[in-house]
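Two complexes follow with chain A in common, the first pairing it with chain B and the second with chain C.
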Partner chain A sequence: MSEKVNLNVNGIDIESDPNKLLIEACEDSGIHIPRFCWHKRLDPVGMCRMCLVEVETPRGKMLVPSCTTEVSDEMVVDTESDVVKKAQEGVLEFLLINHPLDCPICDKAGECPLQDQTMAYGPGESRFVEEKRHFEKPINISEIILLDRERCILCARCTRFSDEISGDPLIEFIQRGNKTEVNTFPNEPFKSYFSGNTVQICPVGALTSTSYRFKARPWDLKSTRSTCNGCSMGCSIELNSSQNKMLRILGVDNDAVNQGWLCDKGRYNFEYLNSDSRLKTPLKKIDNELVEIEIQDVYSELSEVIKDRQTKVNFLLGSNLTNEDYVAFREFSEIISQSEKSFYLNDDKLHPGLFGENVDLAKVDDLNSSDAIVVWAEDLKEKIPVLYLRIRQAVKNGVKLVVFGHTNETLSDIADVFYGKETVSENFEIVKDISKLKEIKDLVIGKNITAILGKSTPHQSDTSVTKLFEFLNSNSNSKVLNAYSKGNTYGAFQTLENVKGLNDFVNEISEENTDLLFIVGADPVGRSVYSNQIKSIIEGLDTVVALDNFNHETSELANFLIPMSSTLGEKEGTFTNIEFRTSRIDKLVPSPGQTVSDWEFMTSLMNFAGLTVETNSLESLNKKAYENLDSSLSPVFDNLDKPSNLDGMVNVSKPKISSTDNNSNEAKFFTGEKLYGDSATERHSDSISLLGSKKYIEVSEGVVEKYNLTSSKCILIQDEFEVAVRYEVNKSFPNDLIYIPTNRRELNKFDFSREIMIIPSQVKEALNVN
Partner chain B sequence: MKETILLTKHMRDNPEDSHLIDSYEKNNGYSTAKKTILESSPEKILEEIKASNIRGRGGAGFPTGVKWGFLAEDEDRYLVINADESEPGTFKDRILLERDPHQLIEGIIITCFSANIKEAFIYIRGEYAKPARRVQQAVEQAYQKGYLGKNIFGSEINLDIVVHLGAGAYICGEETALLNSLEGRRGEPRLKPPYFPAVKGLYMKPTLVNNVETISSVPWIIENGGEEYNKLGVEGSTGTRIFSLSGHVNNPGNYEIEMGSPFGEFVETLGGGIRNNKKVKAYIPGGASAPWFRGDQLDIKMTIDDVANNNSMLGSGAVVMMDEDTNLVSAAKSIVSFFAHESCGQCTPCREGTTWLEMILDRIASGRGRTSDMNLLLDVCDNISPGLSWPPKMTTICPLGPSAVSPITSLMNDFRDEVESLIPTKVLL
Partner chain C sequence: MSWDDKLLKQAKKIIKLYPQKRSALGPLLHLAQSKDGYISDDSITVISELVGITEVQVKSVSTFYSMYKQEPTGKYLLSVCKSISCEINNSSEVINKVQEFTGLNNNETDEEELFTFEAVECIGACGGAPAVQVNYETVEGVTPENAINLCKWLKDTKPDVVVADEMQENFGGIKSFDWAIQDNSGATSTAPGFQTLKTTKAKK
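Our next item is the complex of A and B:
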């Protein structure tokens, strides 16, 4: 730690790290300086002038903005002098002269920095008698964000966020002086995966979201801190509810993880909780019809299946479960089944990962402290959006970035080197000698590297990633962040033995080895590339129990359909993220109808069947989950609830993943998932329900030529099945490559082991006419 | 009182073609630059500039030699000529650009030689179409002759000049806003620190930003010696300066004079006196940002320090005379409107305050003022420029906001009666 500097603020001696901004140093010492434009995570701009303080200089006392002034030794500062107070009053009066007084209908009222600071530092009344500045009241700047320019105080937080943090500067200042306004560019909406953050950091009600608009008053909100389970990043969130309805999710500044930011899907994909379509009563399939049934009857019928404890049971588990849920399934399987068990995760192809003895596992924070980051994984912007932000942050701080492959083209704009089609072939093999790549020599060899490695697509061979890892491991000081993207995958790794992916599911599961299949929070029929195979396997089984929030393509195939509590605000538990950081999932709203937590269902079922269960409470499951860890460091509730551990506790473990490699495919396409898709929860979250509705593919330039594509649409055909899609040209793709996002409706229904035909859409239209 | 002709000599002698390179060279043009490049050393040039004691002609009056001395070491350093002449009342750079662009280019060559700079930019205000065309043509001619480009004058030295047009923003005359604009960003003044472009300027590289007139003076200084230049004018305000005289005078225009005479003498002799033999009610000594002087203050001497000691500034050398018939509230309003229109919008006090001041003045000027407006005006000013002192303190990043305060404090300090007389005291029933 470098030496501290000493300064005097308001007559009090305080200590600070050097190079800190005055406003931060004061804040750390409990002296609050009012501000609008300054935000801890953004570069200072010194625009609002609210944080002016008096600093003694050789030329006398000077008013300086504390958000742009660094502390220095023996600095003498006054934050409360008459001159400062006059300036603060002046700034607030200036801000208010053109600010509409529509607080009674403004979402921000009650948690509004402008209101609060006016009360604390502002003048009592306005001396402005002229007409205020007018703009058209809220304009839609995207499908989910509205902008009220009359309320805007031009603090540049939103514009800086989209420029510095998310890297999609789609909102900017236009005009100047008194006419300055924030706006989007003509015909370019604020279409950002991170736009919701601007609503959260807006110090007034200028930016609002369609999701929360007019839904509640802040003083009516209940809130709790929890963890987002949308992807493996595990962002810290605050849940807000009013009248037992979940209404809003905010990002919490967890320095090690999300630093306050969230992706829009994480922020808005909660509205399904309040959907009328949610499953609220247990259903049973009778004569191909799902009919309501009492939960007691479910227990009694299933008891018959399991009571002899010889049941061959298997599990297909989603990634939106808590660690305690996973433990409950594990305990259940150990009690009722004597055979070897496998847990299949809802992942097309589970990469075995890099967890060997020679692997040093990285934490997210290592990104900032390494010399370079090497990425070869799924598209991180689509799959782990906030990790993408953390990479951007590291690059902004001077860390070099090396990106491989066609999937992370979204990082190519900030990458020091992007190895595209010349280096990586269409079946995702590095075709050049890595050690001979010039930039690798300069940026990687002998350096401290954080490698984010995972499968770019289910069709990629395991060995291709391993090869890159081995090179890095023997030529640099490298740490690895395994890039599994789905929800609580790492929680499953920590709590379950012998986890597999869907490719193994389709090869292994049959009537012979499965009497009872649990499908929990997973819709592989709706999303997996093995959709058709999985469907026919499920249909062939005797007893299938689905626990889910919705009746969807997979759960509708089950014999019993149990309504499940959502992990978002309806149950308690723990979640483990990409760096094995375990943090709290908390409950805020009651579970609707007869919904139950997964662990409750499993425990009750065993109780009903008269089987003795040790782990019959959430607490005991939680303890069981971490029984192998040192008790003082293990993320049991007692430890996690300590204020010092709110950001989570890291317990790196090396899971065993049984995975069969598939040969890299010869077909000229690869699959993946976009951030927004048409999963059941997304379809029932109104704000974002349409964002993933567009059916589209990405194609190389070669494909456009080869298939004579001219309009913006084309048609994919396989046997009798055909889908009309939009296509976008991705110039980084090699020759004939096509990308198909399987989380868009119908697009996962192709048999991806065979050829898919493409024809231009107007040809088809012509045929229809004839 | 007579003019002292140094910078405007060539254009006066050759009114037909002073902007063309042949004419310029016929009159010994580029000989100083050539000598400098081939025979002199950077240190010698800097010494001459320091000896001349020339102070910047853009407005702040910073000693040029000192500024050059600040320039930090770096592989890439730049010279930026501030030709964004936009201070209302100022039109001196215009003739230098339009009628003697080669003198400027020669100055740039010498300056860059002295500061070891290989790339210079001339940032010309967007409204100066003809001057910009002439400068561009002159730059091209100089390239053709080999005075710019690679190995200039046959030496090892390379120098490129880029001519760039602004888009019509007064604030881009503020040097850091100019640099932002040149980089393609919004023309907004940068945060200080870093205080000096000489340390972190264009593309965050050490950059000299100098006014057109300053750099146009360089060839004369080098040709005749810094000492010689220092003899002109008075201590603290050496050399000649082109003053732009306007307002209610008989002979408005640009006059190149040595500094040191009283404003009154300047107006009476070169300016031909006030129109229709009227008296001066007030005058602006150095551009719209400068606080006004009263008609009884015409004996103040035209030097940087004398004007500063009387709480105003010589600024960019724009002298505006207002005769006894002038409606000073309207005059102030017109200036405040200008600043409100030109505020970049970054800082709250300037963005909101200047427009509010404009509204209040407009109300008073049109007979809709309230007695409370007198204090309101001053208090709003105080919130932009605390203490209303000179030189101004600021609650803003740059001095544009306080510039709008200057005419109002002048008005309220010296002509309060005139403002009050416009405010209706009786309520009509």
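Our next item is the complex of A and C:
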């Protein structure tokens, strides 16, 4: 880094890195300059002129916008002079000319930069007596975002976000001058996975979400900082509630992780918390009827099962648990059964990943500092959306991007090289000699590489990814980010041993080895490719206990249903993300009804059964989770709550995954998950249920030809079972590839090891799940 | 795609002139305007696919510039300058007379779809003020009387090609300077006459 520059602001000498913007340099030194359009994660535009300051030049003092002026040595700046004040008053007066001042009914009022800065810097009085400009208010620019063009001050934050950050510029300025407005193209809604961010960064109430609109006033909100457990990214979030109801989630600018951004699923998939359909009392199945039961009775009946400590217990664990929950299950299994235990995660096929001695694990931040990024994993935009944003950011900063696999086509737009169907076969094997690919030579060999590797589909064989890794490892200085995408998978890796996937579950679990099965926050019958097999296994077991937020296709098979409190705002704990960064999950609202945390349930059960447990509090479980780590580095509550550790603490611990490899050739079509599905929580979150209910598949061009598909709909048939769906042609798919998203009910009922038939269909019925 | 092969071929030729596809956006919008007389949403969709940006980004550009029309115009687009040089040389009277003759308010099109009238900001012909454009072909030094004559002539003869030099000779007055266009061959539609866009008469 070159030397610092010295400048004088308001008579105070400050120091700054060169090439910094004046507004940023002042901010770093504690001098606040008002602004609307400038946002530190977006390119400067100088739209609003609110940040005008006086700078001394050879021609005398001049007003310059500090958001587009770089600092230079010996610069003399005045941010508070009379001229600056007059300029600020003038700018605000202009901005308010067309602003409706409907603050009393505006959601932004109370946390509105325009309101606040008008108070602080405004003229106090308006001289404008003419009619303001009028627009229809508000208009729906997508199913979940509303736009009030009268309130808009044309700062271009939303349009810049959609262009620079998320890369789906579906909103833009239309018209010019006094007529300028933000809008979408007719019939082309703002359908972005990241649209909620525009609402958060809008400096006025022009963009609002249907989710939060008219729900609360900012000064009534309680808030706390937590971690999103929607995928393995672990974005820092702020939870907002009013009157004990969760109302909103905001992104927190955690430089190492999400930098303030969230995907819409993370932002809006909390609405289920307030759903009336949530499980609130324990239920027991008696004669195939679920009847309410006291929690004490559940404990006493279950303690009968476990009290001799010889019970054969197994666990099927979802990814929406805290690390403390996982530890509670581990402790329980250690006390109850003597033999070595496996924990089955709710993941179709858990691949072993790349964690060997020769693997250097990457952090998310390494994306920015490497020469090139190599990706071969599930579609990251669908599975880890904010990681996709971080890749985009790195590419924008000049890092090269090499993408393998026809399933990664969302990244292919920004990739320098995309090895699609010519290089990667239907069976997800690289069919060409990697070392002979010309572009690889230029971009990869001898360079610093961050490789994001995982499986494109559960049935892909483990060796195909390993081969690519071995090539990278021996030809470049490479680091690996294993792309497990589901929730707190890494927390499970950190706390549990012998973790396996559902493929092993269906092969290993039987009546003989399982007296008691806990299914926790998982719906494999409704969401997995092994749906039918898992269903029959569960039906054959004696005692099945399901802990969940909702009753769904899996939990309805259980003997006991325990209402679980949600990891979003209803309990405390820790979460570990894709780079083994552990951060805090915090509680904001009370758990409804008789819901309990998983760790509470397990601890109480053991207490009830008269078993002595050391870890009978959240703190003790938290300490237990990280007992192997050096105390100053371990992410226990005491450390995480220090202000310096709010962004989380990284502790790499190599997981013990003992899943069996599988043969990719068994699959006749390939499966995966899209961002929006129709799981119980998604169905009961209004915003998400709108987006994830469409039943559709993707097919290659070859399939269209083979089955003579003409209309936009078709019928999938396997034996007696048939489903009508829409299909979309995916040109990057090779040969006869069919992709079926399994996070849609019904679509996961097909057996992937057998052929599937497609016939064209003209059905008029609506093809939505809801 | 609502564009025929001929137009698409032309569009691809234009795109090839630029190092980046999206730089061709301006000329492509002119091309769209020569097809329909305005920028239709269909054309926007076609252009967005051709240059690889989203439809709303094309819309944003097309609505920014007032020479790209968002509504269909008449066969002849009459643009009378109202900026300072023309104004002090009596352009307001020219405007009045044209409006009187055509019966149109600003930005209106008559029922026969013959004329669209607009009073515009500076068209760069201050030296020969007041100036008028017919389908972006400029006539300078237009008196109110000559403005009516020009409209009458357009209405009576309905020429398929309007040529600046020809109109200047018959209806113009002082010229600012010789525009030095060797073979001004006129505009065949409400898009400016460009050889590359084929919106001008073929070279003799």
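Quick notes
The criterion applied here is as follows: the second predicted complex is superposed on the first by the 757 of 770 C-alpha atoms of A that agree within 3 Å, B and C clash if a C-alpha of one lies under 4 Å from a C-alpha of the other, contacts with A are read in each partner's own complex, and residues count from 1 in each chain.
Here is the rule we use: contacts are C-beta pairs under 8 Å (C-beta built on N, C-alpha and C of every residue); 3 or more make two chains touch, one makes a residue touch a chain.
Just so it is clear, the structure is predicted and the values come from calculations on it, not from any experiment.
When both complexes are superposed on chain A, chain B and chain C end up clashing with one another. Residue contacts after overlaying the shared chain place A:L283 against neither chain B nor chain C. Greater residue coverage of chain A by touch, when chain B is weighed against chain C, goes to B.
When the two complexes are overlaid on their common chain A, residue A:P169 makes contact with chain C while staying clear of chain B. Of the two partner chains, neither chain B nor chain C is touched by A:C112.
In the superposition on chain A, contact of A:E188 is made with chain C only, not with chain B. Judged by the touch definition given at the top, the superposed model places A:I153 against chain B, while chain C stays out of reach. Applying the stated contact rule after C-alpha superposition, one finds that A:V91 touches chain B and leaves chain C untouched. When both complexes are overlaid on chain A, the residue A:L547 reaches neither chain B nor chain C.
Residues common to the contacts of chain A with chain B and with chain C across the two structures: 173, 175-176. Those residues of chain A whose C-beta lies close enough to touch chain C in the complex are 168-176, 183-186, 188. The part of chain B that touches chain A in the complex is made up of residues 169, 171, 186, 191, 340-349, 351-356, 359, 363, 372, 376, 382-384, 386, 393-397. The touching residues of chain C, counted against chain A in their complex, run 41, 44, 53-57, 59-60, 63-66. Residues 44-50, 52, 62-63, 68, 83, 86-87, 89-91, 93-95, 97-98, 127-128, 130, 153-154, 173, 175-180 of chain A are the ones touching chain B in the complex.
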